[in-house]
Amino acid sequence: MRPSGRAFNELRAVSFDVGVAKHAEGSCLVKFGDTHVLCTASWDETTPPWLRGAGRGWVTAEYGMLPRSTGDRMRREAKNGQSGRTQEIQRLIGRSLRAVVDLKALGERQILIDCDVIQADGGTRTASITGAWIAMNEAFKWAVSQGVIKSSPVIDRVAAISCGLIGGAPALDLDYDEDSTAQADANFVITGTGGLVEVQATAEGDPFTDEQFQALLALAKAGCADLSARQAELA
Amino acid sequence: MRPSGRAFNELRAVSFDVGVAKHAEGSCLVKFGDTHVLCTASWDETTPPWLRGAGRGWVTAEYGMLPRSTGDRMRREAKNGQSGRTQEIQRLIGRSLRAVVDLKALGERQILIDCDVIQADGGTRTASITGAWIAMNEAFKWAVSQGVIKSSPVIDRVAAISCGLIGGAPALDLDYDEDSTAQADANFVITGTGGLVEVQATAEGDPFTDEQFQALLALAKAGCADLSARQAELA
Amino acid sequence: MRPSGRAFNELRAVSFDVGVAKHAEGSCLVKFGDTHVLCTASWDETTPPWLRGAGRGWVTAEYGMLPRSTGDRMRREAKNGQSGRTQEIQRLIGRSLRAVVDLKALGERQILIDCDVIQADGGTRTASITGAWIAMNEAFKWAVSQGVIKSSPVIDRVAAISCGLIGGAPALDLDYDEDSTAQADANFVITGTGGLVEVQATAEGDPFTDEQFQALLALAKAGCADLSARQAELA
Amino acid sequence: MRPSGRAFNELRAVSFDVGVAKHAEGSCLVKFGDTHVLCTASWDETTPPWLRGAGRGWVTAEYGMLPRSTGDRMRREAKNGQSGRTQEIQRLIGRSLRAVVDLKALGERQILIDCDVIQADGGTRTASITGAWIAMNEAFKWAVSQGVIKSSPVIDRVAAISCGLIGGAPALDLDYDEDSTAQADANFVITGTGGLVEVQATAEGDPFTDEQFQALLALAKAGCADLSARQAELA
Amino acid sequence: MRPSGRAFNELRAVSFDVGVAKHAEGSCLVKFGDTHVLCTASWDETTPPWLRGAGRGWVTAEYGMLPRSTGDRMRREAKNGQSGRTQEIQRLIGRSLRAVVDLKALGERQILIDCDVIQADGGTRTASITGAWIAMNEAFKWAVSQGVIKSSPVIDRVAAISCGLIGGAPALDLDYDEDSTAQADANFVITGTGGLVEVQATAEGDPFTDEQFQALLALAKAGCADLSARQAELA
Amino acid sequence: MRPSGRAFNELRAVSFDVGVAKHAEGSCLVKFGDTHVLCTASWDETTPPWLRGAGRGWVTAEYGMLPRSTGDRMRREAKNGQSGRTQEIQRLIGRSLRAVVDLKALGERQILIDCDVIQADGGTRTASITGAWIAMNEAFKWAVSQGVIKSSPVIDRVAAISCGLIGGAPALDLDYDEDSTAQADANFVITGTGGLVEVQATAEGDPFTDEQFQALLALAKAGCADLSARQAELA
């Protein structure tokens, strides 16, 4: 039995509220249990300076947490600058989305994704990626409907989930309490067709074995397939 | 007729969702029409260094806007630092709340208020102050219920509203479109018993007359009385 | 009787030394009692990037205090960055001056105002605005004399004064000691023809009443009229 | 045939120069082909503030690249701040080393690792981890010889290697040219006894399959075993 | 004939206004021709952290230029941070003053010198040092008169002057126009008894000969002796 | 007898390893005893923005120390920003090299010098200048060989050495221990033909006499002549 009472291969309650942000071209409030992330997609008819004239577009992301999204209040990054953790996560989100977009078909434009954690309970980066794909997809639907682009440059869906070893046992979609005591912490980003985009596993304390790692990977494949199916319903 | 179709002395639809943030000691999602601000109050058993040993407490506030809370995406302050406008607003929120708290009765503790604009449509600072009072009051109720303090140090309620001159005519609670074309822009912070905490009026373009200013003040008094009555229902 | 021994409606000794800065296109050393501010106006044949091609000019201001202009030495902002208070004041100075300049008539140029407090004894922002108008006006006179512009784009004069409640009584032009104990602190920016440009009143501690506020406003009108008359002599 | 002419499972020429830094308690100049990293270990009889009194020690790392260690000169981070990539790498190095040290046995002290890239040709993070272990181990040997600690708190060795898909084929220890064209980029951190400390694999462009990922993992296990054997000779 | 019309060994008109700053323990407005620097000395009953418990005091200095002290307006360092030049000058001022103070006799206290350039016309660092000595000496006189210390810890006077090669000819105390065209630029800091505290000479363009350098040194000795005599009159 | 056992006019063992950096257009690892500095020269076909269109080139330098190049570990400047000392040194290196390059003959290009201290034992700035000249000269030789420029714009060689007073006696090329106890600290930059580029002498504690200063200058002339001869062998 894991601390949350869930089965070891069970996701938390997942929901997607699409179109919640009045101003954004695409938006989604994603919830993985008590982890709530507002994802918006902003359409930008320019590309970053280093990509000018390259004949292709870009997708980039920024990530933040509200100071009291967490149990103990965090220092506001607007006053202290972005932490290494924040930068690592936002680079991961951007990379994950770019893996499923045909950047040449997009043309010289970019999509700016903002993932802001309204409430945190573990798994904020995986919820962000999963919700960001929906926000991005909404923005592409908007652009097609407006005649800005003829067809969506999206190639595939992409979702992400965390796994970890709790008392040596592999478990899916850890909440904050579970994550705090896990021996290993892993995040997987997997496409709708099962392609691997990102595999990250880190020992917290003792190293883990190959067998343990393979079990985490198997859990993640099933979890991402489940999330991807829900994305498909909204796409 | 004003652009929003409202009467010149009419507030937008106002709502307060209390207790929306799982982790915070007090919280309120305040809506003034399409302006939505999440206000949280964090209890802190220490005071700022410059107040150590002074025998009284403190209330301070931080303010931020999500990058895509606005029509055009703003630059993220975590990457660029807080603007002068942000600093001005967060100082105003803290000052407004301190005016209605008995800091000696609070003792050597502080309340940290976070006002984060989820969606913006004008009046974010006045919605923030009005909602922050509720979040703060919730935190005091929590502390009394927990036995941390014997009774609440709150002396009065405090609310805030904006006014402006639209085509020369005084109007209450401007939305973004109205604010963009207003000749004068004013913000008033008024207590439940009618005391003035803050009066700010700024000419945008031509100066305004004393008569115009007095009309704005009269509108604000009525508007804050209305907001204060709604706060009282939740207190 | 107020601490300074002045009548409640009495300004401190005011003086303006025009042309004190050898290099600047316009300059004025303004003294409100022991508050001394050096104001310079620099002519710039460009406008800020966001105003390029807009067919109009700009007036902007920066403000600073020498570290030992005050009773206790302040930290040097060049080492620590500008405080929120500094940014708030310099935005106020710029806004006040722009209210009395025809920016279209100025053309695509800007005036950069620097207000540097050489010695501080309360009222530095109001002395700055009052002196900055003179420095700016000198720069326009210089530009006309040089044939850079045909006529001055100045529409009106503008002056500023502080007021406050001392022991409940309204008083004009507070010095530092008076300001430190005042119950309310107000600043007014008023044009030569009596138009209101900025009204700011803040409770320090207890809120103030409408009657008290109206008394402060009346004092400020008389004070600014006096300052404006002195500006007219130098214009 | 891969671009470098090496076999797909072949490491570059690897060397370790131990004790090259006169002042450091431990040091190692590690070379993976043309990638040269100077690793030093500094002994510190204090722990970070957040660990004071916790009864255990810490190992942390910083990473940097000389501006002209690369083909095109990089901007100096001392002038521009650390990039997200730099922060990500130095956190990885510290985490990898802590996985093989008994922090309680170390006591309230810390080891500060510096990995500075003198010359870069791909794989700087894996060379850094591998060399840093040697520098750290030297520092522990020094401390034992000086009587500072009775026995070394090192539990295991740790080494790291990169892998990638070149033209779809898995290859070990990519140099810069190979890395620039690889479809997937992976880094593995593995202990002397075969425990996994960190698994990271990222698609560059198209996602990769599970089969491809497993091939990369197999290559890395062999590569790290080889590096670990060389570390053992020097331990 | 040099551009300024002065003899090659002639100082500009020099004046010292002592006690100009109401709040400071010591102050001096020093003028070297059109270069005007306000120097203040602030008494501080603490020492820097790294000197706590060392049984001796410290003298340190900060330097700044008002943005429009110069012909072209400079960027304000409060917005942009201190330049390398500013840091170099303020370190030189502090070092020069410490050379003539018995820091043990001062005890665990420090003097904070602020040199702010009100108007610049070359030689701001040498005017700063020369005026700062007077401000510091005033602060010591104040401290003795207040009974804070029994006797002044000043050992000697110190003054500074610039020299340069104009058309190959050595000249004393260069103004801005002269400095801009000089082939070599030198600054000398010399005590009242003729001791050398700092010698700095820099080629601008072509190197200079030993003979030229010796001529600059001779000019500086005479110039500093003259300045030192004037300091003595005010001491 | 001086602490190092060397004669008072004796340099430390000096060596130059030319071409050590694979990627740089010119490079030199210079050693003055245990002081080791890696100097690289990077060719840049652009000039700084303020020099565009001026018809001449530029030489600039950056300087850094590895954190554990010193006896006690220094804080990494990438995390803390460049110190005033670092900025002072890198400006000195750039100025020294520009004195011996015909910038018009170079054309609109710049050479970026990086001097990174691998190990420090006193005299890092003088070793940097001396080694940087060689790295720069190598880059010019490379550019001539590649046909980028027809002939080298180098006019002269330039070398630098430190001197100081040890127990009142003038000594050449101080190491760290000697420098720590020296009464005066001087650095001289002298060309191959004996021209003076930079003279800097600073009292540490008591001022020094003219006689002492002249003795330091004489030592430096001989020392730089020796270094210059060694540079000539490699040119």
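Every chain is named by a letter (A, B, C, D, E and F) in the order it is written, and numbering of its residues begins at 1.
Operating definition for what follows: contacts are C-beta pairs under 8 Å (C-beta built on N, C-alpha and C of every residue); 3 or more make two chains touch, one makes a residue touch a chain.
Chains and their UniProt names: A, B, C, D, E, F = Ribonuclease PH.
A quick note: this is a predicted structure, and the numbers were derived from the prediction, not measured.
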Query raised in the report: Between chain B and chain D, which partner chains are common?
Result: A
Report summary line: Common contacts of chain D and chain F, by label, are none
**Report entry** Maximum centroid distance from chain D, chain identifier (CA atoms)
**Finding:** C
Query - Homomeric contact chain E-chain F: same or different residue positions, threshold half - result: same
Query raised in the report: How many degrees of rotation map chain A onto its copy chain F on CA atoms, rounded to the nearest 5?
Result: 120
Report summary line: Greatest centre-to-centre gap (Cα means) from chain F is with chain B
Query raised in the report: Once you find the CA centre of chain C and the CA centre of chain D, what distance in Å lies between them?
Result: 59
Requested in this report: State, to the nearest whole Å, the distance from the C-alpha centre of chain C to the C-alpha centre of chain E.
Outcome: 33
Report task. Classify the chain contact graph as line, ring, star, complete or other. Result -> ring
Report summary line: Ring order from chain A through chain D is A, D, F, E, C, B
Report summary line: Contacts from chain E onto chain C in the complex sit at residues 21-24, 27, 34, 38, 40, 42, 44, 62, 64, 66-71, 73, 76-79, 81-82, 86, 112, 114, 116, 118-119, 121
Requested in this report: Could you pull out which chain A residues touch chain D in their complex?
Outcome: 84, 87-88, 91, 95, 99, 156, 186, 190-191, 194-203, 205-210, 213, 217, 221
